[in-house]
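The next part holds the structures, each set out as structure tokens.
Below are two complexes that have chain A in common, paired first with chain B and then with chain C.
Moving on, here comes the complex of A and B:
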């Protein structure tokens, strides 16, 4: 399952970027963007249901593996089509394509584990549950 | 020796990457990309096999003309104007995706926007509500 972000918790520390680079041999797939002084958000692969990168890939190197958009390095020719076919700009190609693989082989993605603000999770509902809880607390306090 | 169908070549990185002898070279400037196919001894046909556009064929050495070179003008991003891809590559992506996926939910033609701007747009959208909520009207 993809990694979801609770933007209200992101503190823009870039720990996820560093963790991603650390476990992928220096090539990271997360970019933390700052929105002025007010907010920040990590941008990474959505593991789209209808993944356009897999449609552009003609060798089958990029493919859907259940919810994951997976990558087979052995089949990649480094043509660069997938990089141009990602609507979010989160597939890279330099000699060979690289993208988020949800840290295959690890129990949890490195970005998620290293986030000090607990902003990342693999639970789609978590962010909305937290938002509802915050709203309920505000009501209970009479604000 | 390699023969190139100029009308089919996308200007992608496939053949230069797969050639084991570095007989296919690529030169990039901020505005253009040139691909040059040197004479080779036809010891393999990896470039032919892996060409996404089937633009390459092997021909006997004596039938080959000059070493082919193709130069592409790179397309400028609609937003930042940085040149980021060849037109045939972007057209190829357009033709390989269903029409409904070629525009995002706001009707943006994302294919003609560079990957850097695509990430920026995504970040801007994701943080929009947050920024509004957190902006202080007065100190």
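Moving on, here comes the complex of A and C:
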């Protein structure tokens, strides 16, 4: 269950960035990008089904654990291959790799609770229901 | 390890979000969210998430400091209090109480504001004010006159019930971020969102109708909308007949504001003005949200009155989903005003120029009190420049950065005989002081704060202040006592019980009832549940009717000229707060927005041979500063935008003020831009 983003709700306040950094000892895993003058897009770990970071990781520090792409810090050598392999640029490394752990030990990821605009959820159904409702509203209003 | 969760109110904006500070071994170690909070539902913006970073910052003031040559000498609290008493007391005796100014703080608790205001007035000075002067003084004046109460009429969560949300002059997505969740919720159930702003802000991303007006033309836009509503017969005649006075004069006054004419003044297509007016008037529940884009003008009071007029003629008040919502910028700016830290009002908005008020508080406080309004924050600086104010006591404010035309303000403060500043950091203003007193941050003291939705909440003490720093309440009491007054308040609760007696709106807001989500004033007695929605049964004015006060468009004090071809408008960004003394010291915030920038339209920049990221010189008749150029389509040609969190921006802004509310016109100043090489 990755964190789904409703981009139409994102207000570019960067709360998720700061919250993530706060609960991960200053090493955050979220980047909010300003897409021109009209939108902002937070880039999260997708917890990909076929995660290239896990394929690149030769020690098995990064591995699939059901839906989650998990990380075992004990096995990490800090080689940085995962950073090169991640197509979204969300895995990064200094001495060790840093990636989203969906805030293990918390009831919900900090970014999700903290988001002032309610743009984040772990509920895929909610994300798609909102998109359908928006499409219906646009049809009803004639645009 | 024993871990305690202490509920506190966020020290940044006025939304009133609460969070828990987790405390281990007397140290604040983390933040936990509070999903049951009625306004934030547990969310926090970037500033709130980073709030703890300032608590243990190495720049925190730990000891009282006295100026010694160009540097500072550490002194004891006894010496500091004696010196302050001698400095202020001497000025009071030599020049009279009118020559001493007091600035209270909208970052301090209600109790502290009440005491600072009480101290100033008990010493005979009428010159007490707070930085609400620089943000919402026109709301206090304009809304008190038209609606009889200055404050948000409906709660934040009620925005979700609105069917048309008109946001004018507010970038709430960045500055009151938690409000956006309620706006999204309203949109999900079909609400139309209208945003009027000179800049394509993050808030404008939420808009169905975006009105990009020229800075300073808000009255024209609002009158234009009223014109359409009157002409098309979309007014709520029943509401007007029952609850208002002055409608006929309004009809006459908006006659000339045809969409075509307004379009010429504001630069908004006439069709959009008509669409916005219809959407607002027709919807079963419309609300207006505004903030500094409305107030920080030389026509600030007119802007506010024009907003109230629009709501009144459409009957969009006193019900769910309706209302006029001034969004306050600081965590306790509403409370500082409620507590009478204002030149023209005593606690509970009793007029200072009414002899009855002075009599009432003279009886309560046991001293003779002066009648009449005092000097406002901006007037105090002027008076200091002219030598009329000789000594000042400034608590938690940084006029050297936050007032317009900084070099003028700095000269004025430098010229004071005695300046004492009480703050948590060495601000630019504190640098100029004779004496600096170390105060406590929000987590190091207890007390109540009133959020923008009039919600009074109690913030608990989580940790001890650093070094010898003390809470503002302790300092003020000690200072008042050494100046010959008798302030015997052992804690904030004892001050609150005095406030309960003297401020009718706070009559029932007693300490025991303030746990959790607090209470919304007016709450006149201990059994009253509070009043989330105002004006449900008429208005606190003559006959219970609101006053429609017609206004006319006046151009801003300064216009672009041949020499200064750009209009500079100022504002905030998501990761910083006001003069920035806290957020610029917060590592995770400053790294996201490290320096002053200026947004300039790409086409204008090309003509000036400025590229994105160039260092440019911005100059106005008052001074100049350097900033990093950001090329954008967010501002129209001829308009530039700068955030005011960095010293420099207010070097440029004009000292022109609103004639009634005395708020400076931060939002419109002429300037020119050039490359630095």
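Everything below uses one rule, namely that the second predicted complex is superposed on the first by the 133 of 143 C-alpha atoms of A that agree within 3 Å, B and C clash if a C-alpha of one lies under 4 Å from a C-alpha of the other, contacts with A are read in each partner's own complex, and residues count from 1 in each chain.
By definition in this document, a contact is a pair of C-beta atoms (placed from the backbone, for glycine too) under 8 Å apart; a residue touches a chain by one contact, two chains touch by 3 or more.
This structure is a prediction, so every number in the text was calculated from the model and none was measured.
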item: Side-by-side fit of chain B and chain C on chain A, or clash; value: fit
item: Partner chain(s) touched by A:130 [first = chain B, second = chain C, both, neither]; value: second
item: Computed vertex angle (chain A) for partners chain B and chain C, CA, steps of 10°; value: 120
item: Chain B versus chain C as contact partner of A:115, first or second or both or neither; value: second
item: Which of chain B and chain C A:38 touches, first, second, both or neither; value: both
item: Touching partner for A:90 - first (chain B), second (chain C), both, neither; value: first
item: Touching partner for A:19 - first (chain B), second (chain C), both, neither; value: second
item: Nearest-approach distance, in Å, of chain C Cα atoms to those of chain B in the combined model; value: 6
item: Common ground on chain A, meaning residues reached by chain C in one complex and by chain B in the other; value: 36, 38-40
item: Parts of chain C lying in touch with chain A, wherever the complex brings them together; value: 30-31, 33, 35, 40, 42-46, 48-50, 173-174, 177-181, 184-185, 188, 190, 200, 202-203, 205-206, 574-575, 588-589, 592, 632-634
item: Touch list for chain A against partner chain B, complex; value: 5, 7-8, 31, 33, 35-36, 38-41, 43, 50, 52, 55-56, 58-59, 77-81, 83-90, 93, 95-96
item: Sites on chain B touched by chain A in the complex; value: 10, 12-14, 17-18, 50, 52, 84-85, 89-90, 92-93, 96-98, 101, 104, 110-111, 114-120, 122-124, 126-128, 130-131, 134-135
item: In the complex with chain C, residue positions of chain A that touch it; value: 9, 11-15, 17-19, 21-23, 26, 36-40, 110, 113-118, 130, 133, 137
